[in-house]
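Order of writing sets the labels: A, B, C and D. Residues in every chain begin at 1.
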Amino acid sequence: MQHKILLTDCPDEQGLIARITSVCSNYNLNIIKNNEFVDNSHNRFFMRTELSGEFKENDFEHDLKEQLPVDGNYRLVTNGRKRIVILVTKEAHCLGDILMKAAYGDLNVEIAAVIGNYDTLQNLTEKFDIPFHFISHDGLSRSEHEQRIQAKIAQYQPEYVVLAKYMRILTPELVAAHPHRIINIHHSFLPAFIGARPYQQAYDRGVKMIGATAHFVTNNLDEGPIIEQDVIHTDHNYSAERMASAGRDVEKYVLSQALRFVLQERVFVTGNRTVVFR
Amino acid sequence: MQHKILLTDCPDEQGLIARITSVCSNYNLNIIKNNEFVDNSHNRFFMRTELSGEFKENDFEHDLKEQLPVDGNYRLVTNGRKRIVILVTKEAHCLGDILMKAAYGDLNVEIAAVIGNYDTLQNLTEKFDIPFHFISHDGLSRSEHEQRIQAKIAQYQPEYVVLAKYMRILTPELVAAHPHRIINIHHSFLPAFIGARPYQQAYDRGVKMIGATAHFVTNNLDEGPIIEQDVIHTDHNYSAERMASAGRDVEKYVLSQALRFVLQERVFVTGNRTVVFR
Amino acid sequence: MQHKILLTDCPDEQGLIARITSVCSNYNLNIIKNNEFVDNSHNRFFMRTELSGEFKENDFEHDLKEQLPVDGNYRLVTNGRKRIVILVTKEAHCLGDILMKAAYGDLNVEIAAVIGNYDTLQNLTEKFDIPFHFISHDGLSRSEHEQRIQAKIAQYQPEYVVLAKYMRILTPELVAAHPHRIINIHHSFLPAFIGARPYQQAYDRGVKMIGATAHFVTNNLDEGPIIEQDVIHTDHNYSAERMASAGRDVEKYVLSQALRFVLQERVFVTGNRTVVFR
Amino acid sequence: MQHKILLTDCPDEQGLIARITSVCSNYNLNIIKNNEFVDNSHNRFFMRTELSGEFKENDFEHDLKEQLPVDGNYRLVTNGRKRIVILVTKEAHCLGDILMKAAYGDLNVEIAAVIGNYDTLQNLTEKFDIPFHFISHDGLSRSEHEQRIQAKIAQYQPEYVVLAKYMRILTPELVAAHPHRIINIHHSFLPAFIGARPYQQAYDRGVKMIGATAHFVTNNLDEGPIIEQDVIHTDHNYSAERMASAGRDVEKYVLSQALRFVLQERVFVTGNRTVVFR
């Protein structure tokens, strides 16, 4: 008895749920859970179907394809451990949270490697027996630096790349190599406080809450589809430093929550928005 | 072109989604949105299907029944304005919020009448051109009082009864007359602070948050299936009175949110839990 | 036995708390509660002191002034009911919430009048026996329109002006006439989604939370000192309309919370930030 | 120039703030921040005063004592790194969060040692170069076991003891040895779900939120003064296991937040409640 997830993403048309679930039924696959959403603004159909049974994959997929629109997409994936590579700079909190959750079962993930443009977090990473690669940008052009990073990533064939406070902007080439496969945590409740020194900006603006946003990376800086957001209350007693410390708690929570959704194959992208089937 | 919601609630078995949605498809009904959940602990299947099209209801329902397990339930309802009766005692905040939302389009509901065991809220109710019935419990046994209330409710044939801070315990007869059709707001983040003077209890316990819980009424006091909960932060500066005032904000929000879910037919009951399809 | 609040706002220097509270002590005034904050970035001292006792105001204030820096400010106010005027356009939710809270004791406020540039909310206002003045902007220049509004406000001598979804931008003259005395509710978690159709912007951006911000009005549109903010979670199921409906709940909560802080004399402005003594 | 915190806790009487701050002023100590609270239900005065200057401690304290009621308490402490001992059983999330925060500057704390009644977390602790002591309860009476733990704790002279998911009930002797100095994290939004298998209880009850509570340990199990609480939203899709995983995120956040308040000397106990000066 296997357990798989069928992810369908196609133009909307009448009868899709019936046709897809009938194929499942014809193959004696049991639907454990089914989530469906139609994005009317893009006329797009999304469905996540958790299945159990004996899969005759070739036949099943053949029949499934016949029921989908010509330009429909589907993926039939196992609900297992996914492989990721993490990029970092100097801040430890997001990396530490993912390392802990991976080590103790709160994230079903294999961290293949951590790559840093500084070596600050090498020691932390290696405590958890994960390889760390220090690829300095020193003396390299942006493009040269990223080629080295991309080569190192490619070596591990990860399913997702996680930017755990990686503080450099990715080139379009790297983004294009992992479409909707790179997850970033932004130091703010987007679309606010884009740019440098966000907690100083937040302090100067006198906000009463600090937020964080996890999103897929696209070529529009900080503008990719949002996966998860959260906030915590602050008040006038908070200096910019204390806001930053509070921000680290919400950043790490939001990033690991978004990562969990992604690893469990709960997230679709539609236009610049996400569908997250909880 | 009509718009209806099909609500299915039956023992789980393989192929249900395919069979039900195929019937929809056979009748050229378009599925606008479909939510499904299986409660494994009760082996129970729940599905909410928003449909648009031309309904041949008799034929459609005939074919649908053939596809469901013998003891399966379904309801085919319009997505329109529902009729409710509200019961109150003396506190105005929940009633006022529902009156405002009904008057200005934030709740799609017809408030047929408000019934109070005091006349305190008659004036407020009548401001909004809703009939108010003062049915005092004075000098009546609990059973006599409730028979009068039940007779008055029956006169209006409401789909739901809302206890908007109605401070008397309902008899099993009244509860039985409206199974999972009576919604209550509880002055606490259940299961905490059951009983009298909850905000004094909360103050004495020194809590740092105040909550509220909306639930269906069953014969186990304050133990019915929870529909919605929320909290707000407090601190040591809050007296019991100020906690109560903060509590009123969260109570009215949670009750109207729960009511909205119920009115939009998003809520199923399974055992003592709810499924809320957002 | 009287109950007053002493509000001190002056350049910071050593010994201020001792000197101010000693004056209170010399006059046998009991300090019920004392909050103090120094904004180091502006070297400014703020203190809110709740006092009870028999006040010899002239003597007390004379002695107090001697203890403050030359350019220090203080106000000695009663903790009583404050008078406000509310400005509205067409949306009812914030006005309705304030009317309800004023009528039932959750805000200690006298609503002297409501002024609308449409007559949409006249009926609602008058239900609560509050005068409504319809001052249309039709055929008037911005300046003419505001002069009429300002004249009407002046007639009531309010302590604060509340913009409860008043959808016109105030002129510098009106703002200058009520420095840090006009409170606005912004349809967003500022500094995000400034401008028109915010919920459509929020929907397009695919946010996972909806926020609201109450702030004092200054001549920088939507940039005045923030008093309170809050958010509620949304998800991909929320259309722009449903986000707007959720937004109305958080807007009215945030505005009335901010208003409560202001009415209870808990709020100071320092630079473009607020100090809110809870 | 030194930086200290003066913590005053005494019966309330008129003039206390003036008398205490005048002593500070007499010694040319600058008050950076001052928070005061009177618990009227216990007629008790609490003040936290951050001071900078040159301290002549003996003289200052001598003069201070003269100004306090006979049975008044004060502590003059440095705002520096405090020493703690952590007790654990098998769950890693709270310990890991504290280890990370201590290592990377988000908690100003020296973790002197970790003591476990299992050796499960020895490896994690030692990654961070902290001594781990495995003191099994196997074959020991409760009293014998705790005497060994207490002896080990005593060896380190910690200022606070943190129960980071330590799953055994402390004896009155151990509690009495550290009055209001032992901090526990409870797997629930107290006072709900006291006892075993809380997330199964929460699941069975169908709650829509999961909470956590950090509190000082007293001899009334789970009834000690609450320092901090928070919640996260869940829904019907959450199994008891997934609730537990969500619970771990909120538990570790609440515990480290409470610990931060305690380490920064922001917390007083009054009756069974806390005052937390943010």
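Everything below uses one rule, namely that contacts are C-beta pairs under 8 Å (C-beta built on N, C-alpha and C of every residue); 3 or more make two chains touch, one makes a residue touch a chain.
Keep in mind the model is a prediction, meaning the values are calculated, not measured.
Among the other chains, the CA centroid farthest from that of chain D is the one of B.
Across the two interfaces under comparison, B-C and B-D, the one joined by more C-beta contacts turns out to be B-D.
Rotating chain A by 180 degrees superposes its CA atoms on those of chain C, with the angle stated to the nearest 5. Chain B and chain D have Cα centroids lying 41 Å from one another. Chain geometry summary: the mean Cα position of chain B and that of chain C are 35 Å apart.
Touching of two or more other chains is recorded for residues 37, 235, 237, 278 of chain C. Looking at the complex, you find that chain C touches chain B at residues 92-93, 96-97, 100, 103-104, 106, 124, 127-128, 235, 237, 245, 248-249, 253, 256-257, 278. Residues 37, 39, 189-193, 204-209, 211, 225-231, 235-237, 271-276, 278 of chain A touch chain C in their complex. Residues 14-19, 21-22, 24-25, 28, 30-38, 233 of chain B are the ones touching chain A in the complex.
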